[in-house]
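Look for subunit A in each of the two complexes below; its partner is subunit B in the first and subunit C in the second.
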Partner chain A sequence: MPALRPSSKEPLWREEFSIFTADERYVGRRQMTKFLTLTSLSMFAGNLWLLARSILSKHDTAYPAAAVAKVGEIPVGGVKLFQYAGEQCILVRIGEGSYAAYSQKCTHLSCSVYYAREKDRLECPCHERYFSVRDGSVLEGPPTRPLPKVTLEQRGSDLVAVGMSGGEG
Partner chain B sequence: MFGYEFYVDPSRCIGCQACVKACEECETHRGVSMINFDYIDRPDTIATGAYVCFHCDEPTCAMVCPADAIKKGEDGIVQSALKPRCIACSNCVLACPFGIPKVVVEREQMMKCDMCYDRTSAGKRPMCATVCPSGALLYATPEQVARTRREKPTNVFYFGAQRITTKVFMMAPAEREFVSIDITDYILEENDARFATV
Partner chain C sequence: MLKSPNTPAQGRGLTAIDGVITLIVILLIVQVWLLSATLAAYLAGHRASVLPAAAVSGLIFAGCAALYGFVEGIDRRARR
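On to the complex of A and B.
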């Protein structure tokens, strides 16, 4: 009922503690319940949409083949960083003839993981999260998803990345 | 009762106090009468006046309330102090230029006329207006009042420098646009000529 309200500029405390019930900023129980219901419904719908999008987009990811390193280019226990499929990746020479490559993006909050040679594992410095260098699985730390693993092939003297798996979402 | 307004006409009051009793008996007031019944000048006259709250557009009682307990609703009714908030400080009692609010000491709460909120919101007339035999308290449409009364209803009041507009109308002489009362006019000082007559 605007006609009842004084037109003069009121001080802030008077606005906050208005004598007119129409101007009160009191949140009622019903209002609060409505707010909670509507926000949780919309968040639920948003999550459904995200889920649907990730399910649909899984099918049409084709990875190109890309040479990432020469065989013997890096020593045992050495690493090489490379770009593959738009991701920063890390290649580790685990043994004489075995290599492993992962996305460098931690599945927790996307910090860059690095190879800790003395512990023989991949470590994320942000929240002390450790991944196995053998298969990218989580050894310790906050979340549960493994690092996306880059599939490697040896073609002649080249190490070729041919795909990426895991760590979706 | 859309279009109905409350009219107060102290000149018609016969002092029967039916309004006081009726207000007391109204179930939501629980035995507390909220009519302000006044003997105007008891030594010299039998004149009385019965008043309800005028429900100011900018209620002074609510403005001075330190506990934010007095609220004016969207229907224009200034309610009694909210029980959980009222601290019974009597600021409103002192500040109201009409002298309407009363602190009920046993309840530690200010209670005032709420124009029988429970009745008017359900399409009934306020309790006092239903019993007043002389029409000093009248709940009617402006057309009915214009047809039956010589006085002119006004809802503009001046108390010194304070201008107040109200929801409830006061019957004023027909030539008056507003009611003006300055308290300093009634304060007698020692050298005042009126002292001789007191």
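On to the complex of A and C.
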């Protein structure tokens, strides 16, 4: 019976699995380079995503009137969270007939601020930043911008948000 | 017929690829820093830096892609 094997000095297993160490090194490095390039692409995609969000959010400048609470609904020193113009906001009753409302996003890294009643200030728990509950200004910490303030109007028994201002450097 | 492994040309090619990988890693470190800095600036409301950062990130990616093409070329030549 004639031999089917080609006349080669190499053993059969080497012909079947013709992978040399040097070739394998090439493949490994090429795959590594491809992986690193794809990682670079994902970083670029992240930057593009930020750019897209930045462009799209520029168009959200309309501030419709929206009832956010009833007068007397929350006690003095109490808070109510509400959504306004796509932002999570916090309403604080700072006196008998006095209310203040701000965007709940800290101007440092966008963590949610909360009202610390005993210290009468808005605090960001992420990096210990403090804002005045009276006007939203920075009391302590690196943020240079005040909290964006929601303009409130009393219409009958309703507290109505009619705009948002501040928060710029 | 199988090619003989570990020729001097292949050795030079591997060295070149190692150099390219080092360059890409350096570019990636810069790109990761750029993305984190841009994210921090964006969250702090400084939107002006987002566009130039995206442009620089795109340039870095183009550089990485070019280096990857270079590696593919070396690989093709070395296996010929």
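In this section, the second predicted complex is superposed on the first by the 107 of 169 C-alpha atoms of A that agree within 3 Å, B and C clash if a C-alpha of one lies under 4 Å from a C-alpha of the other, contacts with A are read in each partner's own complex, and residues count from 1 in each chain.
In this section, a contact is a pair of C-beta atoms (placed from the backbone, for glycine too) under 8 Å apart; a residue touches a chain by one contact, two chains touch by 3 or more.
This one's a predicted model, so the numbers in the text were calculated from it and none came from an experiment.
Visitor: Could you say whether A:158 touches subunit B, subunit C, both of them, or neither, answering first, second, both or neither?
Guide: A:158 sits against neither subunit B nor subunit C.
Visitor: For the three-chain arrangement built by superposition, which of subunit B and subunit C touches the greater number of subunit A residues?
Guide: Ranking subunit B and subunit C by residues of subunit A touched puts C first.
Visitor: Quick check on the superposed pair: does A:34 touch subunit B, subunit C, both, or neither? Answer first, second, both or neither.
Guide: Only subunit C; A:34 stays clear of subunit B.
Visitor: For A:25, decide between first (touching subunit B), second (touching subunit C), both and neither.
Guide: The answer is second: A:25 touches subunit C but not subunit B.
Visitor: For A:44, select first, second, both or neither according to whether it touches subunit B, subunit C, the two together, or no partner.
Guide: second
Visitor: Just subunit B (first), just subunit C (second), both, or neither: which does A:87 touch?
Guide: A:87: touches no partner chain.
Visitor: Across the two complexes, find the residues of subunit A that touch subunit B and also touch subunit C.
Guide: 20-22
Visitor: Subunit A touches which residues of subunit B in the complex?
Guide: Those in contact with subunit A are residues 57-59, 62-63, 65, 68, 70-76.
Visitor: With touch defined as at the start, can you tell me which subunit A residues reach subunit C in the complex?
Guide: 8, 10, 14-15, 18, 20-23, 25-26, 29-30, 32-34, 36-37, 39-41, 43-44, 46-48, 50-51, 53-54, 58, 107-110, 143, 145, 167-169
Visitor: Quick check on the complex: what are the subunit A residues that touch subunit B?
Guide: 1, 4, 6, 17, 19-22, 24
Visitor: Along subunit C, where are the residues that touch subunit A in the complex?
Guide: 1-3, 5-7, 10-11, 13-14, 17-18, 20-21, 24-25, 27-28, 31-32, 34-35, 38-40, 42-47, 50-51, 53-54, 57-58, 60-61, 64-65, 67-68, 71-72, 75, 78-79
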